[in-house]
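Notes to accompany the following structure.
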Amino acid sequence: MFKKILFATSATEACDHAARVAFNMAQSYDAQICIFHVLGVPTRGFSQVVLDVKTKEKVVLDDEYIAWVEEEIKVHYTKQLETAPNAEIKVAIGFPHREVLRAAREWTPDLIVMGGSTGDDEDSVYKKSMVGSTLQRVAKVAPCPLLVVNRPAASFWGGMSNVIFGTDFSKASDAAFRFALQLVRALDCELHIFHALDIGSMHLGRSMTQDEIESKIRESLRRIRGRYLPEMKDIPEYDFEVWEGIPYVEIVKYAREKHGDLIVMAHHTQKASQEDTRLGSNIEQVIVRAGCPVISINR
Amino acid sequence: MYDFLTGPMFWLSLGICLIGMLVRFVLYFRGLSWQLDRVAYKAYPVHGLKGAVNSIVKWLIPFGTYGWRKQPFMTVIFFGFHIGAVLVPLFLLAHNLILKEKIGFSLMTLNPLLADGLTWTVIVSAVFLALRRIALPEVRILTTWYDYIILLLAVAPFITGLVARYELGNYSFWLTVHILCGEALLIAIPFTKLSHIVLFFASRAQLGMDYGIKRGGMKGKGMAW
Amino acid sequence: MPEGTFCNKKPVDTEEELKALLGDTGGKQYYEEMKSLEVDQDLLWKTIQNTLKSRLKTWLEICAHCGMCADSCFLYLINDQDPKQVPAYKIQSTLGEIVKRKGKVDNDFMHMVMETAWAKCTCCNRCGMYCPHGIDMGIMFGYVRGLCYQQGFVPWEMKIGAGMHRVYRAQMDVTDEDFVETFEWMVEEYEEDYPGLEVPVDKEGADILYTVNAREVKHYPEDLAEAAILFHLAGENWTVPTSGWEQTSLAMFAGDWAACKMQVEHVYAAMERLKPKRMVGTECGHAHRATVVEGPYWAGRSSGKPPVESIHYVEWLAEALREGKLKIDPSKRFKVPVTLQDSCNYVRNHGLKDITREIMSYIVEPGYFREMSPNREHNYCCGGGGGFNGIGLFRSQRNKALITKRDQVLNVGAEMVIAPCHNCWDAIRDLEEEYKIGIKWSFLKPLVIGMVEIPEHLKLKE
């Protein structure tokens, strides 16, 4: 299912759990893996002087420096590289989200794997002129599924028995659904479909009565049945639920209860308003909190 | 001596001055090159003219530009010097009497008290201009002996003129010296920085055309000097 | 003495030479070789005799040494009023001296000239406005840069920049394919949010031909998407050329007039090929100056105008807002103190002072727009103009120069600085990085996109 995996990393500890998952997958699927690292942000002119993301120092870019960084990466991932002798290492300069997307466009991987946030932005090298983290910007428009491993707890990719598919009945969710199906068929595991009924923001101050909630739950269950079940005739093991609450909280809870090994969700294609990007949409919160890897699909 | 100075020398120095200024003025404009200057002078004569006039007129008015307003002291002594330096030689009664004698007509004349006042202003301003050259570091670094000589050359006729006018010392002597200074000044004009008498207008016109044609004159209001 | 491998009088004309020069990290060997670079005095004097005519000659001679230009120059002011930074002194001690000595100057002298021309002047042209004789020392330093470039005494990054234009007809190693590919990629990324978004390439007879800054292609491709989105929302009939899409000219900063000519002719060729009604450039000051203001003269056009009416991005934006092609949602206007950077190249030097303010009136809530002081055509240089931003050798001088702008922004109490010019934007970014005064800064495109109302027929259907 995955023949080419692009592992975008900061080559620091923050991405180690993502590395574990990426290399495990590469091994399991006999996939080609490319370690992609953005080493710095250009500071002037024709990008000859670069602000190194790790050392935060201004560096003059030349072949030697690039080779040195590549070597550092090799050393950092020595163990993982033993399992993937054909792995490529690619180093780039530029703004990370842009370069990751550029690499994905050129190399056409089947999956991008990333770690979560690499730390606070106070002294971040990426200046304040850009809104939104690398993750958000990549997830929004990545040309292939994006697998995010945010916490060490989320990095065990041993056997897969339970795939959680979170939906909001949007078109993007349909695409995520199809991907989840593919995955479940290939990995031969259970599919758990979940919809969270958002009781928070909906009714502008007026909270819904319990009857209203339960009627909406029934309606959602009907929608799941109508929308997804017809395509799942060949799936032996599945179930589906609708819970009310704050969506990302409920999904994480549901995944925990069902011992989910992977969550598949759609990343919304609507442009996030200023507010959204600060709070983070549902999927971003799920990524941050889930106890397993999360795959984001946007098309 | 006096006859010589007010005779042939008068015509010679005046001739040299006027013809010299004309030559410099004409040569300046002939030497402009639209390609090298990167201004399409001939292509937009109206915009060029408007820009040139705007550029010249604003700077002829005390405090008429941001530049003048930024340097109020300099503006005062500058205009103090130049207003008198232009008006007195042209419109002094004594000069116009000679002019009437020489060419048959005279220009309007200044009230003698006004003429005195202007001349004193010229001299005092010149002193301050010189002091400015000594005192201010940004002017000092540019100043050379040449600048002092030019200033002296320019102000000498006024000093000697006043000495003669107040009849201090030997009137005849000082009058002669005054005429000598004046004629020396006239002759020097086309050949020294004093040529700015015409080249100020030429240079400002050029920059005015530049801004009027190329650098924004066609986009609305024109340069706010 | 033979010329150096990297530092010599020959411009960089091929990709190999360019890569080799780039490989000399920081210009180490380049500057080392410059120490023994000979001055071709005959060539220098001959060039001056051929090109220093009435205007420049008179400027040099007529300077009254009055010193009124001193406090018009931000570099003079910021360097504690060092008399050596007086514009008249700067030009008289360089060009004035060269002319006086009839070109008989040596290597040390030319080093001094190089430093003066590139680290003590950004060619912002402000001094010319404060000189009673109208002597524009910014123009003269542009001329001096040309002499220096011819002799090989040019900063490393400038030689590379000129070389880039010679080899790629762009300020960076971005090919025509890169350009089209990136533009199409950006449109793909955003077309889900803006149904129908497209980038017409090489369309003939369009209303607008759009040209960009190669930096946008390489590092800020979102800018390309934003331009496409705004044209799309405004319903413009626009296109980009496959060739001749780069509006900037580092060659102009380098004093490489031959390369300047090649660069603008390349863009004019696109105009003549595609015959648009107008050319609209991106938000860049020197690009506009190079291609629209000075360019026609390098290309020998006696009209002083490009083949097609060409306007700066702010002119198009103001027009779109004025005519209602783009409508701003009043509730989304800025409600924080906002100030505006008046870029020298299209405000002082092309009169667009009121256009930018017109745009402000649409996007800033009344009462929140604060004018910098001084402003409009009297504004100070951002600190990074004329290539200053890009020259490593003179970085510390540039960082000092940023203080002028920093203080202007602090004095006005703005939280957001709008800088519709790549150089100014960089300078303000760097001043924030260096002095951390806590401001935000932006081009106009992303701000307008955040505020614009999407016409009914272009809205996303969900």
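Letters A, B and C mark the chains as written, and numbering starts fresh at 1 in each.
In the analysis below, a residue touches a chain if its C-beta (ideal position, glycine included) is under 8 Å from a C-beta of that chain, and two chains touch if they have at least 3 such contacts.
Computed from a predicted structure; not experimentally measured.
Taken chain by chain, the contacts run in an open path, each chain touching the next and the two ends left apart.
Of all chains, B has its CA centroid at the greatest distance from the CA centroid of subunit A.
Should one ask which of A-C and B-C has more C-beta pairs in contact, the pair is B-C. Per-chain Cα centroids separate subunit A from subunit B by 77 Å. One simple way to say how far apart two chains are is to compare their mean CA positions; for subunit B and subunit C this gives 39 Å. Residue positions of subunit C touching 2 or more other chains: there are none. Interface of subunit C with subunit A (complex): residues 22-23, 25-26, 157, 160-161, 164, 171-173, 185, 189-190, 192-193, 218-222, 389-392, 426, 429-430, 432-433, 440-442, 450, 460, 462. The touching residues of subunit A, when paired with subunit C in their complex, are 42-49, 60, 62-63, 94-95, 98, 101-102, 105, 127-129, 141, 170, 269-271, 274, 299.
Touching subunit C in their complex are the following residues of subunit B: 27-40, 42-44, 55, 59, 66-67, 70-71, 74, 78, 133, 136-144, 147, 193, 195-196, 199-200, 202-204, 206-208, 210, 213-225. Listed in rising order, the residues of subunit C touching subunit B in the complex are 51, 53-55, 57-59, 61-68, 70-72, 76, 81, 83-84, 86, 88-89, 92, 128-136, 293-294, 296-298, 300, 302-305, 348-355, 374, 376-378.
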